[in-house]
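The following pair of complexes shares a single chain, chain A, combined with chain B in the former and chain C in the latter.
Then we have the complex of A and B:
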């Protein structure tokens, strides 16, 4: 370790070495590890701030599992065997995020492949630009614009009714179509770019070799391109999944009125509920389940953790 | 180790049953007035040639001469702008590379890094829906054919350069092609391995009995392996013929200067008598043979080509014809040969070689020397572009 530091300083010089160590420290320890430790710690404490602030730090300020218990079973006088509302919202959130991720993958893989290996100079630049520019529009503006697009009186309904495809307008917002589309749309770049990066480094000759050996296009993708792009695909899927499971603004604005997103419940505990420990417990639960899910999927598809960083 | 040498030794494995099962159908390849254009640039111009079934045929030329484009046209990755490709008598227009009876070995081999050696070799069989067990069996047989028995479960990156080479050959042969196309597959190997693989490729071709079309810029490779060679320059096929013909009877100045080493003496034709020509050069009148199918008349600009081995040192007083007066710049020793680099006119260098017979005289630098060009071995050709050094 000491030797490594010595070498590091020798190789990069004093200024650069100190700078890199400082920013890495801030990035990992200050911004990531410390706050999460606070939240983790919080999630095991009683909500003394609301009950009796004088107890903080006193002998009764001990660790408790009550918030996690609440997430699973609800309040002690809950007649149901478990906390139906929160658990089902949790499951719904995770499932929807999985669906959004899968949908984005199907949508983006062909585009990423096209960008990397089919499109030439000008077309590539134009496509890149048309992918990036829409993201200059801020999330809120986009979300409200989606309400106009998908609403009962929205443009899509107007067109479909006008064309006679629909006799009655459908409320896409109430049916959550707007939310799924919005989430899928929001994270498209995070799916395309990692896949694009991975696919681009594939030697074109490999694709041609597979073709030359008689392979139809779909088998080339199945056996040559996708295995090669697996780290990129994993990286893209992980980001899209984590971000859609943790999205707040979009479910708030274009989610159907009857369906909640789990982050909205978390937000309620922190904000209107004034119960930070419970909010933390909920947030930690979401995080842990998401991470376990991602690691499981990576295990199934035999992707090593380090490969994501490629 | 023993098995390995057995594979290389041709007398041992010609009778070997394993290889008999790999005798394939071979097909003629006919290129009919093929022209390939990329926007403004014409990569191949009017290539018109028939490669016979079972032949080892090489396209030889410097980089950028269009030989790779021609290969891609045969394999189907490139549609010709004009003309047609026939393989085994069938017009290949509109038939994709996955449907042609050809297999291509890429310059960088393009093995699939995420598959095992076996999976690589059996890929074409997997495409055809051959069962896993049968794939394994055939891959193992092919591994024997290319002298890599028992290496099927390794990953590609665990193999050495020469072994990968063999896997690429096996993978291509597994597709049971009638024509095997090779795009400079030896260029990444070191010299010794390259020379070894030449022999081996030639062996595999004989065993498999299919047409090999080989692309290279290395004239040594082309001459040693091929039945016939086509020399290309800037998209044109300049000459087609057996290695000896291309070497001894070059059709153009480019072929003469590109294939093997050659000294060029420029001048004007002063006399033509049947197949003998006298060219007046800066070095005086030089007599040379007229190459086959070449016409020269008095007054034409011409080049006399004399190979290093077509020159001898003139001992005191015995020759007057075809003699060049020069000075020794330096002398090189290459085991079986002594090379003498002589001062030419206009800054040119003349190279001559002598067999090392044990008595070769060592010349001092700058010492004067008279050399005679053998008029029977020297070739006169019409003036034309030479190969870049």
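Then we have the complex of A and C:
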């Protein structure tokens, strides 16, 4: 370790070494790790700021599990065995995020493969550009677009009624159709690029060889392309899953009024609920469950964390 | 062979559908910005108008949010580009044992939900403020400061990824050569490394600004009492929507397309220059070709803008929004009047029909269905009731049926047919 530092300073000089070390330290430790630890710590505290600010730091300012208990079992006079609202919202959020991830994978894999191996020069560039352009536009505006499309007076309903397919307009927002398609839409790019990067580095000769040996197209994908692109697929899925589970804007705008997203509950605890410790306990739960799920998937598919984001 | 053609067609169709999914919502939204109706919609189309852009510009909250967003975006660029650069350089020099840990930590900043980042930043600085016992007006509680820090946490990882991909193409021989020739570390950094990284710095800055500008999840927690464009937008979209938001989308889409276009042109120019450098000794022909290659899109674009401008001017000349609006509202009123008239007539007919029905049935027999009809004359389900009641009357004798056929109401006939089936 000491040797490494010596070499490091020798190679970069004092100023640059200090710049690199200090800035990296501030970024990773002060901006990222410490806040997470503080949030974790905060989630075990009583909500003294609201109840009685004078008790902060006093003898009664001890750790408590009450916020996690609340997430699981609700308030003490809750007659149900579980906190049905919060737990079911949690399950709904996770399941929907998984569903959205699969939807995006199915949607994007063919396009990524097409981009990498079928499309030629100019077309590829044009397609890449047109892939990126929608994602420079604000997430909220994209949600707004979906609201225009899917509202009860929206364009899709108008078209379907006009064509006579529907006799009554369907409230897509209430049925959460708008939310699912919107979430799928929002993270297409994050799915396509990792898969594209992985598939692109596949030697075309391998595909040709498989084809020459008489393999049908679907088996080529199953046995040659997908195993090769596995790191890309996993990293795309990880990003889409984490981001859709943690989405806030889309559920707020196009989520059905009867079904909440877990982040919305967190938001409520912070804003209208004025209970920051409980909000952080909820946030910690979301983070921990998501990370465990992702690590499990990585273990199953034997992909290392370091391969993500490449 | 035909199966191969079929496969190709299917793939093309799929790609087409995919891009329709990608662009459809944006196109629909853009079009609604020009509809004068108070609710963003395609149909019914009222009038072509640009009034919503005016509404947008005069929206004070939106504008102050926009200003804050700009400030935050620029600050985030200045914070996250140096951080990303330091991270990328650091990563290239770490030992093989530490590198995965460092990489995992930096990438985690992207993967951790933005909501969690926002909350943790808010709590951390709140506690720091409490620890140093500063007042609420100190920067620990300042929404803009917190937002810059919170956003930079993960945007730095984006910029780092940009730098990493550029550094992978760096020839480390250059470093050795510079140092061997007596350059100091700082000279090497300034004269060799930074110029090499210049394009990456540019794209990292653009990426950082865009990511900051459109961020909502982190911002909504860290902004506290201030507002940015996205938080204003979110509250607007949640509580009642109007097409001025579509107008904003049109502006942003326009800017994005322009930026993408410029980016493409610059890239082509660079490409062409590289080609020229490589094939410098070739005759002039190639040079001409490459110049034509990148000047063409520009001329096409200029021409398009010119034509579009002319078209708009011509349209504006022969088109008056207010006149159109008056026409539309008049038409609407007319349609409404017609509708009410129609409904009145229908109702009258129905009334007469039912009167005669019940009258005739009463004169024959004092049957219960007849009295029923009186009770529900104005109910919207009247017709259905009639069908049912005629069904009930199926058992009634032949003579009565004949009398029913005399009834003049057109709807009655239909129900009769049904009941006879």
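For this structure, a couple of remarks:
Operating definition for what follows: the second predicted complex is superposed on the first by the 292 of 310 C-alpha atoms of A that agree within 3 Å, B and C clash if a C-alpha of one lies under 4 Å from a C-alpha of the other, contacts with A are read in each partner's own complex, and residues count from 1 in each chain.
Operating definition for what follows: contacts are C-beta pairs under 8 Å (C-beta built on N, C-alpha and C of every residue); 3 or more make two chains touch, one makes a residue touch a chain.
Quantities reported herein were computed from a predicted structural model and do not represent experimental measurements.
Following the overlay on chain A, a side-by-side fit with no clash is recorded for the pair chain B and chain C.
Looking at the shared chain after the overlay, A:210 reaches chain B, while chain C stays out of its contact range.
In the superposed model, A:225 makes contact with neither chain B nor chain C. By the touch criterion stated above, A:112 is placed in contact with neither chain B nor chain C.
Once the two complexes are overlaid on the shared chain, A:198 sits clear of chain B and of chain C alike.
Computed from Cα centres after superposition, the angle at chain A between chain B and chain C reads 100 degrees (steps of 10).
When both complexes are overlaid on chain A, the residue A:281 reaches neither chain B nor chain C.
Number of chain A residues touched is higher for C, counting chain B against chain C.
When both complexes are overlaid on chain A, the residue A:267 reaches chain C alone and has no touch with chain B. Superposition on chain A places chain B within reach of chain C only down to 6 Å, the least C-alpha distance between them. Residue overlap on chain A between its contacts with chain B in one complex and with chain C in the other: absent. For chain A in complex with chain C, the residues that touch the partner chain are 4, 8, 11-13, 15-16, 19-21, 23-24, 26-28, 31-36, 38-39, 42, 56, 107, 110-111, 114, 118, 125, 129-134, 136-149, 153-155, 158, 162, 185, 188, 217, 238-239, 242-243, 245-249, 252-253, 263, 266-267, 270, 276, 279-280, 283, 286-287, 290, 294, 304-306, 308-309.
Residues 7, 11, 14-15, 18-19, 21-26, 28-29, 32, 39-43, 82-83, 86-87, 89-90, 93, 95, 100, 102-117, 119-121, 123-124, 127, 130, 149, 152-153, 156-157, 161, 184-186, 189, 210, 213-214, 216-217, 220-221, 229-230, 233-234, 237-238, 241, 245-246, 248-249, 252-253, 256-257, 259-260, 264 of chain C are the ones that touch chain A when the two sit in their complex.
Of all the residues in chain B, the ones that touch chain A in their complex are 75-77, 96-99, 102-104, 106-108, 110-115, 123-124, 126-128, 171-172, 175. On the side of chain A, the complex with chain B involves touching residues 203, 205-206, 208-216, 219, 223-224, 227-228.
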